[in-house]
Amino acid sequence: MDERITDLRAQIDTLNLDLLRLLSRRAEVAAAIGRIQSEAGMSHYDPVRENQMLDALTDANAGPFPDDTVKSLFKQIFQASMHQGQERAKVRYLTSRSTTPADTVVMVGDVPIGSQHAPVLIAGPCAIESREQVEAVAAHVAARGVRLFRGGAFKPRTDPYSFQGLGEEGLRIGREACDRHRLHFVAEIMDASDLAAFEEHVDVFQVGARNMQNFTLLKALGRSRKPVLLKRGLSATIEEWVMAAEYLLSEGNDQVILCERGIRTFERYTRHTLDLSAVALAKIETHLPVFVDVTHSGGRRDLLVPLTKAGLAVGADGIMIEVHPDPAVALSDNKQQIDFETFDRYLDATLYDTKLTAKRTELYGF
Amino acid sequence: MDERITDLRAQIDTLNLDLLRLLSRRAEVAAAIGRIQSEAGMSHYDPVRENQMLDALTDANAGPFPDDTVKSLFKQIFQASMHQGQERAKVRYLTSRSTTPADTVVMVGDVPIGSQHAPVLIAGPCAIESREQVEAVAAHVAARGVRLFRGGAFKPRTDPYSFQGLGEEGLRIGREACDRHRLHFVAEIMDASDLAAFEEHVDVFQVGARNMQNFTLLKALGRSRKPVLLKRGLSATIEEWVMAAEYLLSEGNDQVILCERGIRTFERYTRHTLDLSAVALAKIETHLPVFVDVTHSGGRRDLLVPLTKAGLAVGADGIMIEVHPDPAVALSDNKQQIDFETFDRYLDATLYDTKLTAKRTELYGF
Amino acid sequence: MDERITDLRAQIDTLNLDLLRLLSRRAEVAAAIGRIQSEAGMSHYDPVRENQMLDALTDANAGPFPDDTVKSLFKQIFQASMHQGQERAKVRYLTSRSTTPADTVVMVGDVPIGSQHAPVLIAGPCAIESREQVEAVAAHVAARGVRLFRGGAFKPRTDPYSFQGLGEEGLRIGREACDRHRLHFVAEIMDASDLAAFEEHVDVFQVGARNMQNFTLLKALGRSRKPVLLKRGLSATIEEWVMAAEYLLSEGNDQVILCERGIRTFERYTRHTLDLSAVALAKIETHLPVFVDVTHSGGRRDLLVPLTKAGLAVGADGIMIEVHPDPAVALSDNKQQIDFETFDRYLDATLYDTKLTAKRTELYGF
Amino acid sequence: MDERITDLRAQIDTLNLDLLRLLSRRAEVAAAIGRIQSEAGMSHYDPVRENQMLDALTDANAGPFPDDTVKSLFKQIFQASMHQGQERAKVRYLTSRSTTPADTVVMVGDVPIGSQHAPVLIAGPCAIESREQVEAVAAHVAARGVRLFRGGAFKPRTDPYSFQGLGEEGLRIGREACDRHRLHFVAEIMDASDLAAFEEHVDVFQVGARNMQNFTLLKALGRSRKPVLLKRGLSATIEEWVMAAEYLLSEGNDQVILCERGIRTFERYTRHTLDLSAVALAKIETHLPVFVDVTHSGGRRDLLVPLTKAGLAVGADGIMIEVHPDPAVALSDNKQQIDFETFDRYLDATLYDTKLTAKRTELYGF
């Protein structure tokens, strides 16, 4: 090693420690300002003041850093001081594991969801089409041990002329079938104005992918006390998905289940691309239960078993699947729902894993 | 050419014509059924009947086609017959050029939008932050000839703790500034429950990317008589975007402007990827005016001029751009809004094209 | 049901069977032509002849189908006949399960990969940087039971001024370390012109994502007899990936391992999005072993365990992971490689699953 | 404003300036080290030294910043110093406008491409299929004023059993037709081993999307003196595309034309999504000419005119389009090539813009 370098590096070492001392001193003063601002209910972020400081610095800058570099470095320093003030603010993200380290357990009636509880299956038809259809599915899945029943009464359809669901009558039909078979009823709500009807009939509100950022709906559901199953939007980042859950928690409802259902990509063999990294990250970053919708993500029957196994392996707290007495004549999603006999085979093929994962140890302490 | 092939090909030619005769005969009978069903208000599509026919055919099939091929071919034949019945149904897509060949001209007050009219610029701040800010922008852009003013009062924000807009007070501030400067007011509506306040204050409802498939909102706006500017969702296909517009028209409102604002892709240099093919296809497939939001699509100031020129070249009927007195201190989108001086240079750089495109001949008769 | 409909439907039933008879007759004649063409080594597809037939049909068409529908229906019929001739052709896709129903077992030395064999771990550094580094990793992973060692000597780098690997010297270093520790050596080959050097030193050729459609390279490797590990391209569809493998098999090399390593999407929390549906579908559609590269797909250490478990659950035949003595100073990929201590914990956390999957029953008989 | 805040802010102002002084001093010492390292041919980046410095700093850290923040701030400071040393390094990106501010003009024979020169059209069939086909297209496009002729002799095909091109015979056919009609010949090269044949026959090497990161090929072409047309990969970021061009320039060939041809997205109406922001950014960030391939990007004939106009408006230096005597019988890409009559109409519809853009002023001085 060149001796000159050794000497210069010693100078750098001293300068580093001097810088650290100044930065720490600056952080203390900034914290003092932050406390006064907090008392006065003022925002900590003041872009005008920031610009003045940056102007003063570039005025004083004599190189060798160009002005842009000086600005960029000091913006980092300003941010570090702010974040310091905001450790408390950050703690305010109610969805975050740093706020609530322990897993949330969502209770749907007597069924616990999340944490070390055995994974839960939500099964039922895509849409509620008739009393007979719902009765048939409810009877079948209840007999096989399912406790949560899904069925859509208000259907979000791309085409305005497609079957839009039976509406409130559908909710009543679903409620009655669930009562007959001791099932809990999960149904998708599309607008805050339907809240009263849903409060009367359903046990779990489902928020669909298209409404993940319908903030008026989220706020309204946040004021309910019933659990909400929040699907990830088709092109929502994980961060946006978690922030949508934050809307629910920020209004007081912490009974929130996240549900991954595939994202839009270029791939054509599958309807969407199931993103199991998102399931893992949702469990790492939040304390909420996370489900996987295996019907919509792949859009293919031959993927139901492998995607269920993969979802459970990655730590999902439950699976959602669509079952219909006669998928070929279903009024929606008729390519991907499964009939009773296939559902039975599906259960047999995945049950073994379901038991396994009930004993699972922590995946994410890594 | 082998003589045997020539002979066999002659047989094929005869078989082709025989098949055509049978297919045409079948189509006539199917059409007769369709007419009776229409009279009776019955759906033309009967999946149970289809399955019965397919079963009968595979029962009768003695090869050489495997059953799957027989099914697949007859499904095509069934569909062709159905589509025949649905030519009328297709005509019912009110957004389609096959229904309404002539360009729709949307009137915003005295400003015509669409068809051969000169492209229209919508300018204003991302969010309405204060009376002073709005007055400053409105005065500046009105003095430069702008007629439509944008400004958000209800802001859809990913993070529940971000600035959410001034709400109804923001609408009032925007309205008053627009009145002072003879501007028409465009503002984003996020929920059907806000409709009354918007009806009172705004001239054009904007539906944002996140709400493109908020069907309750779309239906409510479809019953208004004020124009709607409908942004494309971040990962909406062109077909889904047009179907969202169909919701508006199906309820009676044909004053609809489509607005492309970039889609989500893997690219990191730009915030989103502007899809100008979508602008062209929206103009080919529908009769509605189409705008380009140059601020959100690229998310970069250095792209504003080239994307404006490209948008106009591809036939856009207008451009939307965000202007702020001091973007650095804006409460939202502060990296992409431009200040007054930059706005003036923007106008100078694009004006020449704006005039040009006013004289443009038909792009899509190709 | 309207009686008129019943009558008309009976006519349709008869017409359906008449059509089927004609279609079958046509298929037989077409098959006869196909046989003659095959004998003569002629292509079955003759677009000029097709156009003549379509012209004859539209000339003869008197409705009610429009000409376009007639063309479209007959194209389907032509294709069905062709595909019939191509059942044999289709069987020629050597990668397809319909050609080879039984799982292929790839032998790397004495290590069997695929089918019911226990999943195999490939571990080693991203790049071969020095003799000391390779020796350290090889000794560590061999002591933990690893049998396949990876290490790049030729590195595909986006930036031409980045570290490009040690080249042939790197191959020699890797070979020697593998020989010392009874490891099999896997290294990425980027160009067909390097084949001789690789033949001398490596046990498994790796084809990287960027070269998945480097057809010259694929053909050259197809003529080798050493196994090839073929990574999926960053935006390759499953179909394109399988077709790339077909290039290898079509040249005579059936020792092919597919490897999923994440695709490009809009998501920013992960470097790429691991597509486990692709792993499942690759196993359904082909008979080849499929691996999951857990290092590159997520690009995050906290995802290594969950993605490994998910990969094994979905049926992966092995996992690829990057290990480095001191990731912080690695010359490439230094954010995602793991050190020895982390590697040991990784093994502990996943071993249990590894055993489990050795006993797994069929996932895809569903 | 609270007086206490005013006082504390004055302290901050002083600390800011003290920090700036220290940072500048540190930068000077770092630059001195960098100079010594450069003389000695050593890398400026030494991760071991960095780690030692960070350890010393966190050892010394007594708050209030947590260690992570200290590390993060100093990493920024280290990087700023490094980048300072690398201003020279950065200048080494030969593709960058900061290296070469003036537009590069690529000369193809007597045809200048780029800068203020009129946009250039490259036309010809997807694949060279026969002497007759090539003669017909060459004669037609030459008569219409085209000077650059494209035609593929080596075709990269997803399926190994698809038509792979006529190979070297195709190059000869193309060369002869070009000579007869005074055209310059553009053809895709897929592997470095074909270089000699291409050097003999073609005037411009085309590198296709699949080979954008075939670094062996890029380096070989970088040592040629003939122009290279470099297509963007299907999922390549703009940065990766520019870095691929850097491979060519770094080997000594600055006759490089970039060509955008659409990227992979979820949209289904178009084959790919043309990214015109990428064209604009390529022109902003580099000094190279940029083309738009309007045939492959949309994959639809009805988009050829609008995408050409948009491409020229955004500043493209040329357009590439596929023309075939009878697209219906083409051996590849038969849905998107256009026949002679359509080509003539295409020219008429776009010519007016072509003239216009010849007079265009600077788009990007904004």
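Read from first to last, the chains carry the letters A, B, C and D; within each, the first residue is number 1.
To be clear about the criterion, contacts are C-beta pairs under 8 Å (C-beta built on N, C-alpha and C of every residue); 3 or more make two chains touch, one makes a residue touch a chain.
Keep in mind that this is a model prediction, so the values were computed, not measured.
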| item | value |
| --- | --- |
| Chain whose average C-alpha position is farthest from chain A's own | D |
| Rigid-body rotation angle, chain C and chain A, from Cα fit (steps of 5°) | 180 |
| Mean-CA-position distance for chain D and chain B (Å) | 31 |
| Chain C-chain D separation of Cα centroids, rounded to whole Å | 29 |
| Residue list for chain A, restricted to those that touch at least two other chains | 235, 239, 264-266 |
| Of all residues in chain C, those that touch chain D in their complex | 47-48, 51, 89, 92, 156-161, 190-193, 210-211, 213-217, 234-235, 239-240, 243, 246-247, 250, 264, 328-329, 334 |
| Sites on chain B touched by chain D in the complex | 235, 237-239, 263, 265-270, 273-281, 284, 297-298, 301-307, 309-315, 345-346, 349, 353, 356, 363-364, 366 |
| Residue ranges of chain C touching chain B (in the complex, touch as defined) | 2, 4-5, 8-9, 11-13, 15-20, 22-33, 36-37, 40, 49, 53, 56-57, 60-65, 69-70, 72-74, 76-77, 80, 83-84, 235, 264-266 |
